[in-house]
Amino acid sequence: MIVSMKRFATKAEIDSVCERIRDFGYKIHAIEGEERVVIGVVGVGDVTACLESLEAMDCVEKAMRISAPYKFVSKEFRTGKTVIKIGSDVDIGGDDLVVMAGPCSVESEKQIMESAYAVAKSGAKVLRGGAFKPRTSPYDFQGMAEEGLKLLAKAREATGLAIVTEIMSDGEVDLVAEYTDIMQVGARNMQNFALLKSLGRCGRPVMLKRGLSSTIKELLMSAEYIVAHGNPNVILCERGIRTFETITRNTCDIVAVPVLNELTHLPIVIDPSHATGKRSLVPPLCRAAVAIGADGLIVEAHPCPERAISDGAQSLHLEEFDRMMRDIAGYVKLWKESRAAMAATV
Amino acid sequence: MIVSMKRFATKAEIDSVCERIRDFGYKIHAIEGEERVVIGVVGVGDVTACLESLEAMDCVEKAMRISAPYKFVSKEFRTGKTVIKIGSDVDIGGDDLVVMAGPCSVESEKQIMESAYAVAKSGAKVLRGGAFKPRTSPYDFQGMAEEGLKLLAKAREATGLAIVTEIMSDGEVDLVAEYTDIMQVGARNMQNFALLKSLGRCGRPVMLKRGLSSTIKELLMSAEYIVAHGNPNVILCERGIRTFETITRNTCDIVAVPVLNELTHLPIVIDPSHATGKRSLVPPLCRAAVAIGADGLIVEAHPCPERAISDGAQSLHLEEFDRMMRDIAGYVKLWKESRAAMAATV
Amino acid sequence: MIVSMKRFATKAEIDSVCERIRDFGYKIHAIEGEERVVIGVVGVGDVTACLESLEAMDCVEKAMRISAPYKFVSKEFRTGKTVIKIGSDVDIGGDDLVVMAGPCSVESEKQIMESAYAVAKSGAKVLRGGAFKPRTSPYDFQGMAEEGLKLLAKAREATGLAIVTEIMSDGEVDLVAEYTDIMQVGARNMQNFALLKSLGRCGRPVMLKRGLSSTIKELLMSAEYIVAHGNPNVILCERGIRTFETITRNTCDIVAVPVLNELTHLPIVIDPSHATGKRSLVPPLCRAAVAIGADGLIVEAHPCPERAISDGAQSLHLEEFDRMMRDIAGYVKLWKESRAAMAATV
Amino acid sequence: MIVSMKRFATKAEIDSVCERIRDFGYKIHAIEGEERVVIGVVGVGDVTACLESLEAMDCVEKAMRISAPYKFVSKEFRTGKTVIKIGSDVDIGGDDLVVMAGPCSVESEKQIMESAYAVAKSGAKVLRGGAFKPRTSPYDFQGMAEEGLKLLAKAREATGLAIVTEIMSDGEVDLVAEYTDIMQVGARNMQNFALLKSLGRCGRPVMLKRGLSSTIKELLMSAEYIVAHGNPNVILCERGIRTFETITRNTCDIVAVPVLNELTHLPIVIDPSHATGKRSLVPPLCRAAVAIGADGLIVEAHPCPERAISDGAQSLHLEEFDRMMRDIAGYVKLWKESRAAMAATV
């Protein structure tokens, strides 16, 4: 249930509405907005009586049932795009297309520092790098763990880049949150509900990757878990789904971007590296991702992909990354014009 | 097997090579190129002896086994893009991005003429419209058949647009070829091998749509059927594949475009209407298709989608189509610059 | 629309009902049943007026709209199982589980005769063998064509087995029907609507294989094409669908059997050879297919699979086929008991 | 690497081999077998030198590289089936087909006790029931947590049934292990590697469900995680995969059973409830699962499925469960004969 207050409702009026909601046995989940306050309500069973009672109050503009199974992530809850502030000067979902880049795994200080300086110089704003690695085989490199997190923090200090890194267990949320700006949930953990709840309680922005065979609605439900547990800062990521086609590592469902833009206010980024699994396909997909209106890109780049411990085949050389950034510049310009035009309409 | 002659080989030299190939029991399939002639050879069994014998000839530059299961559609056979001439002034695979547009089905003279004038004015070069309709249900409208073909021909006469329409049976090849410029093979017929062979024997350009669950390699094999039976003018079309995701009608495998560009010289168009199944998603996907480097688009547009007999939900209103064409203009400009840059490099 | 006459309605009453239906502009499609006649009606638009008018007639028990998109293949049209007579003494859908077996392709007289004698001796009732082969590559063996059909007919004469063979084009229906008892539509042609219509007009029983990525409802719609065009003798075949799993050639959707048994009266067979692509997996899947209630099996068996021109890896040796038949005997006994129990209940 | 000792090797000989392995920098992972000891070795890099050195020792029969990416779960490591002892008298993978049954979620003492008594009477050996529920929506019932575990323990005490229940987070392993006999890993957590590692360290038997879009090889790799971290007691479970077909909840990949039987020694059970999502399809799939050679079944059954908090549509009524158990009795008899025959051959 969502309750829209009339414009310029007073604090006392808002409180009286909340009290009535609680009297009906429902829970206030979130209160949004400055000029026009929107109150999110969570509750089970028939809400009709409560709705009618609320609409009878003078200070209430409208009280609505939400038909979608997700509430707080839906467009009905917030029409404009959610802008997520990362560090001091990165906004995801705002006026700039944000590029995140870096190696698959943090492998050494030299490797991560070299990557960080290079991608920053080429225009990336966020450094990616895995310290905890989800690997299909127990015998593969599992990541540098806290040592890797420390190297990422060092790279941030040196370059000013924000950091995004993967979190694999609810038991490690505090540890990872200490070092990173964005907590990444990998595709295999998209429905690790224990982890999602923990991330809801942790304030840190979350980048939630779509599962290999998860529908767009399930992605939104997983985002709803995080928001419903208290953390509104969720970035969605399309990284390719699993289909019968094996010539690429996954199949990029690029249309997920406009579909999600119709359903949710959360920002969406594309991961062209995992979506394709092949270096040469990354730059064309980056162009398409910008053109279709993604809010950002997360791209694997490595000083020496041939020697990367993981995902070498899909990582760009640092010079290729630089070339790609120049390659998409014209598209980014069109992207900005289109965002400005949209803003003007609203 | 492919045999490259030395530059400026004489006709006599080419003939002598062909003779030797035939002596080994193989069949000459095609001879390509002006300055540097390439001879395509079809044959089964071990070709080693033949290869060695040919390479011993002075006029032969190189004789190669082809490892890919497709030969004539592969990049190894022809490096540059195949440019397919449609009518007098449309080139698919050339310097212009070609837009094909029109209704799903030809429904009446009024409907097709109105559509044709409108899409021509907005910049389309080819009119689409189905006269024979593949329908899941035997009780659904099956198309106007020859009557529909005649209306398409009339629209061509009036507007100068070329025509693309679907062919569903090898028994109707002659009939359809009489009226249309491009013979469209629908997704459900991509592996109707009897039809593919007939289209190989018919000279008319073919637009081959990828099957709902066909791999990119199977698409190329089906194209190879047409080319191997004598018709080199094949346009490939990505129209979305079937996956577990049901929020869109299909899942557009947009990365198929750069993948195909690495494997084949044939031009590739995107069908954003069937790929999404939803009108509002068509314009963003058109932008992405241009950005990723497709050679063309085929878009459903209808004077009154609400009353369309088929595919109304995914058809643009004619004004929406016009707006979409203006919307993609900036992207088309970047597309042309990129093609010109590529041409300059080669 | 389906109209149930009262029991023992006279011919004159039936005619009067048909006349009224035609007066409303609808078409009588089929009349079924002896004791209680059911009339199938095809027509578009709102049938309410016609329904009411028919129900006002004394001789009419009930007139119903059919909600499923398929009519004649639905359980609403006929509750008991359709029993399809093949030759003089094979019933598919009846009291016996029917096993069809033989090589993928007819390769030579020796090969097909040896196969026929062997599978007949082991208990098969129908001989399979392809004369027209759908092959992904134009360079692969395309079948012996009419020569192959003649060899199949010869094997029938020698062994008394009925024949099932594939038909690939509507142009070849008459030719194939001349030689075979069952016309097989391959997975790639399940939605070749021109072919389905031709097979509807041809009286010969049809075995319709489910498409690689076709839903069960689409399979029923394709069967409906054949029945609506006049041929009620359709056998459905589950042969595995295409999924992300590549360790088997396809994924056998075995639950399609009970699902189809709830939706249609048509018999269903399982093809364990294409479903698995691997010889060792065929016998266990045969057991499961019998246990789940399939009406038959179609199994690839070859005198020398190692030298088979096609599908060798999934073909059983003739001795393995014999062993498999003995292996499933206990399950077939339980199958018969269960059929007898069902018959007793109805 | 796997090292087979000669028959009746002494402890001293085994120790000497282990020492040499450690000298090469590798790790002894497991030592198996009584009469003939097999030593599992984990290590990276080229093992050639070590292999040669070991084979030079008199007490070593053979030292082999393992080519499959999984080692300890592979048939190369152990040829016979792993028999997993649950409580005092249940063997999974042994001479009896084990049926696990019960409600989706533990809802109340009355519900779980009634279920337990009924399924025990019908012949089930293990009681299922979820205390921690993975739910797509954060607003759905999340399970009774520890309270639910206590009720399961109570039902075990009353009926003698063993208990299987789901574990969702590595933080809850100790808690759940305190109450249950089998720790179930749900499909969505199949690649929750933190959880798998914890379960490896915990001794308790694990039932690992295949992920919605996980390949059979990935399932084995996840099992390998558990075994490689110290717990050899892993039961695999096929519960349907996600495909384009939506008429059933999932698509049961029943052929996974014989495929897994060729690759691994671990026992395999089928979950017909999640595989189909529909009550009426469960009994036929149970028959097929027995016929194809599964080691067990896990079936949802509930005193009143219409009022079940979760999965009501796919739960059998307790009487239906009883009927199903009688329905499969003939198949179970054949199953036992086949196991006995196999045992006799080996």
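Read from first to last, the chains carry the letters A, B, C and D; within each, the first residue is number 1.
Basically, a contact is a pair of C-beta atoms (placed from the backbone, for glycine too) under 8 Å apart; a residue touches a chain by one contact, two chains touch by 3 or more.
Values in this document were obtained by computation on a predicted structure and should not be read as measured data.
Under the touch definition stated at the top, chain A and chain C share these contacting partners: B, D.
Ranking every chain by how far its Cα centroid lies from the centroid of chain B, the top place goes to D.
If you average the Cα atoms of chain B and of chain D, the two centres end up 50 Å apart. Put simply, the C-alpha centre of chain A and that of chain B have 38 angstrom between them. Shown for chain A are the residues in touch with two or more other chains, namely 213, 242-244, 246.
Interface of chain C with chain A (complex): residues 213, 242-244, 246.
Only residues 42, 44, 69-70, 134-139, 168-172, 188-189, 191-195, 197, 211-213, 218, 221, 224-225, 228-229, 242 of chain B touch chain C when the two sit together in their complex. Chain D makes touch with chain C in their complex at residues 213, 215-217, 241, 243-248, 251-255, 257-259, 262, 275-276, 280-281, 284-285, 287-293, 330-331, 334, 337.
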